[in-house]
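Same chain, two partners: chain A is paired with chain B first, then with chain C.
This part shows the complex of A and B:
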């Protein structure tokens, strides 16, 4: 056999002219062509993503000046980050937000997925309706929630609570409630998205496992615990990871509703970075905090992958 | 026949065609080159203005008149959003405009960005006509001038006259009067729609852009307090005084007793204006720039402009201004300075006052002593702003970078206003230390405060 296995059937089918039309690719061209196809995307990414990232990385070591030369300050910006009480508070708020919102959204999404799993048409309609918040712009959602949770007696939620005999609440105006309203908003927005991932996970579970469990006389709870949950571990993992990454970067939801107030009770890492960077124009420090957040998110992802591999292998 | 005549030179038909084409291309190129050099000869400057699109026609009228007078063309750019960030980007990209029209209070931040050129007032034609107090606002703490003042303003109270008269309340003159009026507006259904949906005062309590601090400033001066006290060797922070506490107690009372609009604690000025225009609130402290908009809605006959109320320390109002800044790297400094001279000239001032246009004016109170605001405006409401400015106004302290202090005090004041049971003196003591720390960072803290 002188021809390669692929070439043999081609030659047989195409006759003599084929080798001329399709010259065998040299190793060089096979190496280059994929890159040529990728080039447009790579150029755009380099210009709009990688270059700004590298630039932000280098800025974090400078006291950034806009017209004069920036001043090298070494690790000063990072030291400042660990010594900044406002940032500490922002990290605390963000952590509460991420943990509660992730748990809340995952549990809600799993319940929704269990109720709404199936091929029936009415289920599809309900699933679509429930999915709507996930594709609505954050700015619009924030405005709707500001109206819903208006602190006046005639605010929609306050009026509803009034029927139940509950006194009007401050909601976004109350330092003790504002963060929780934002968490609720996050659950409302991300649960449908998570639900879709769970529905896909549920479909993948082998039905025979349920049948086998039924034959063994397992209760619905035990079936859920020993068949459903292990079956959707990959989905849970994706949902949790996405939610964590999304949560630590939370910005638009806060900026459009409370701006970090009242009394700093909804200040998060990114609103703090925004304030320092774009209102006080301290780009160096803002870059340093952003870089720390990036490193933390990367570390979190690595830990998550490690845990996941332990579960699935 | 010409082809035959040229044949002996040895050109074929095709070559002749190419030659013709080349020649015409060369001529075209030549013409384009000449055109470009001619355009480059015409003087041109670029001007950025921090204002919204709503009053873009005012800026255009000003620059058009300047071009007509001098032949210098002006390229303009205006935005009301993220202005400083865009400037920072332009500075980094070395594409700064020649002139920026921005708040007088933004000077410190723009100086810190290192983009301002100092200006010798004597080099600006007509500088002697500008009132001294306006020049003071353009002077930095190093004694140099970094801008040419173009507009000044004070603040006053816009009150729903129809509501007040319907309830039989007098014009408020003191804090107590304002409080009583706010209570009446909140509880006595001034719009008569039978619903409990009106409130007293529109308050912007958000920390965004430092609005809390900006709003509180007039009240702090009314209480007889101040942010800082200037000493020979720097500034001493004074936000821990009983006067500042009194101002915050007064405003917090409005919020906690629900005499201000719902959500006041998170509201920016962009949120408060609609509450007054739509008839949700009846008392609105603001500058004269809102007169045209409030004449349109709720209506000229329904709104009155009253002087700021007197607190324990008397009548007081924040004084603000707009300045024209000369930026570093201005390509044609002579042309830019001609524009600065035009802006402060009586003609430039009157155009930018935009009287009768219904648009927010670029020049509110003129800084040129030769311009009579009463003659131009012919509106007694403007005289209230003028009188307040002349007699009762305070500029923000001339610390090196006021923006940073404004942000810190906004956070601190917001913290006090958000919690109805907060210990105000204790919170202000903490805030005072933060202000001292920032002043120290700016190397402007007096030794007596250390």
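This part shows the complex of A and C:
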């Protein structure tokens, strides 16, 4: 009998006598095997996630120079962050964006879910069709919206408004409107996705609760308020929290559509970081702002986990 | 009778409004891309007339959309394959092995779930410019700069770990008694049993990589290496591009996600079916 080459190392140790159980491997190889399987992931994670994170952290305390030694500036970059009027404006825009877009998308999604829930075929088709914005990448949606909301009077939205007797609007080229167009775009893209989560939540509600409520003579509104809403509270919390956490680092949606303009009216935290870092090459300051954003995001994530654990237990 | 009729009409009108709102823009894009009517910048047409493929020809060949599509395809294919392989290997160790340090490694990977890619953009950009010891060159301005950073994805590692944990130990032990070594257990026993989960992480990975924007934006500055989502923005700057051509390029960029979405539905159904058959 020949052993296969693969089996040889195992067989060699306990091959001669009959072991009571299967042959034991040497402790060393047992200890090493998991690390061999983990090695590629650990290398990638270390090099592309942890090393940048640590170096970003350390850069925030330096005035980074390219052709000379970087200069240690202590907390200066952070002081600057709290003093920077552009950043303050960016934080303000981002906050408005996150709050309005999150509320808008959740309410729209809930209405869609209530209206389009059900196993009927035409409802399934509509649900699939309106999922299109959710699967289209941000850069493409940005292009489509730039054309839709063109400021000329023949732009399709302006033409529609003109039909209703409204004068042509500037939209993305108007500093007073651009942020709101971006918010509308965000609602349009995320509502269908959130709807799917809500539909799954609605399906999970015990039908008997509705029957019981009907027997007790509850109005549709009371049924909605006392049966539907409590039933999908977990879905609502997931949707709202994730939208909050993702919203604060909004970048591509803005960069691809307005680039932060016109006149800085749509600058968000991340487009500001991009400008300071990649255009003004002030890496130290940009890293400091990134770090503050990271701390804020981590705090939000921890809150989210806390809320989630309350619902799942 | 009349009230039910009017409520049905109201419902149908509402359905129409919803569909027009969410699908209408894509309809306008589709019609404009296939239309030979000449349009001013920022104008779209809603009524199909004088159909032509000319816009696609110009977009794909003259505007070099084929090049960007090729770049995107290379990045997404290699990125997804590497991402799923690396995740599956790591998940195998985390799910099926007891070893010292397992908890630390899990925590290490979990941390990156909380780490938004955006906040490490600048240091990542600097890391990409560093010379890699074995290659003797930096990966900046190569496909690798767009591929390697997305290979490590905590989501797919945890998803696969969960599924691999559910595989009964008896199956693995039976294979070992038959003389299977570690690698054979991994490839022949565990991987086939978690195939539905592999399908899911493949699709999510594909979409995640295809939608990358900031990473390809900072990873290359050579226009010939740009991925399609990044290149779309640079096409628009060109004044000679009519809306017809721009929408044609947009449609080409959209096609893969739509195709994958349709494949995703089937995959999900298959996953559900597989679960149902096994009971």
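Please note the rule applied: the second predicted complex is superposed on the first by the 260 of 313 C-alpha atoms of A that agree within 3 Å, B and C clash if a C-alpha of one lies under 4 Å from a C-alpha of the other, contacts with A are read in each partner's own complex, and residues count from 1 in each chain.
The working rule: contacts are C-beta pairs under 8 Å (C-beta built on N, C-alpha and C of every residue); 3 or more make two chains touch, one makes a residue touch a chain.
Keep in mind that what you see is a predicted model, and the values were worked out from it rather than measured.
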item	value
Touched partner set for A:278, first chain B, second chain C, both or neither	both
Of chain C and chain B, partner touching more chain A residues	C
Touching partner for A:265 - first (chain B), second (chain C), both, neither	first
Touched partner set for A:235, first chain B, second chain C, both or neither	neither
Which superposed partner A:102 touches (first chain B, second chain C, both, neither)	neither
Partner chain(s) touched by A:249 [first = chain B, second = chain C, both, neither]	second
Partner chain in contact with A:94 - chain B first, chain C second, else both or neither	neither
Partner chain(s) touched by A:66 [first = chain B, second = chain C, both, neither]	first
Touching partner for A:150 - first (chain B), second (chain C), both, neither	both
Overlapping contact positions on chain A, where the chain C interface meets the chain B interface	146, 150-152, 154-155, 278, 283
Residues of chain A that touch chain B when the two form their complex	65-68, 86, 146, 150-155, 172-175, 257-265, 275, 278-281, 283
Interfacial residue positions of chain B with respect to chain A in the complex	82, 84-85, 87-88, 91-92, 96, 109, 112-115, 195-197, 205-210, 262-266, 268, 328-329, 403-404, 407, 411, 414-415, 417-419
Residue ranges of chain A in contact with chain C within the complex	3-4, 6-7, 9-11, 22, 31, 33-35, 37-38, 40-42, 44-45, 47-53, 55-56, 59, 112, 115-116, 122, 126, 128-133, 135-140, 142-148, 150-152, 154-156, 188, 192, 249, 251-252, 255-256, 270, 273-274, 277-278, 283, 286-287, 290-291, 293-294, 297-298, 301
Touch list for chain C against partner chain A, complex	14-15, 18-19, 21-23, 25-26, 28-29, 40-44, 46, 85-87, 89-90, 92-94, 97, 99-100, 102, 105, 108-109, 112, 114-116, 118-127, 148-149, 151-152, 157, 173, 176-177, 179-184, 186, 207, 210-211, 213-214, 217-218, 228-230, 232-233, 236, 243, 246-247, 250, 253-254, 257-258, 260-261, 265
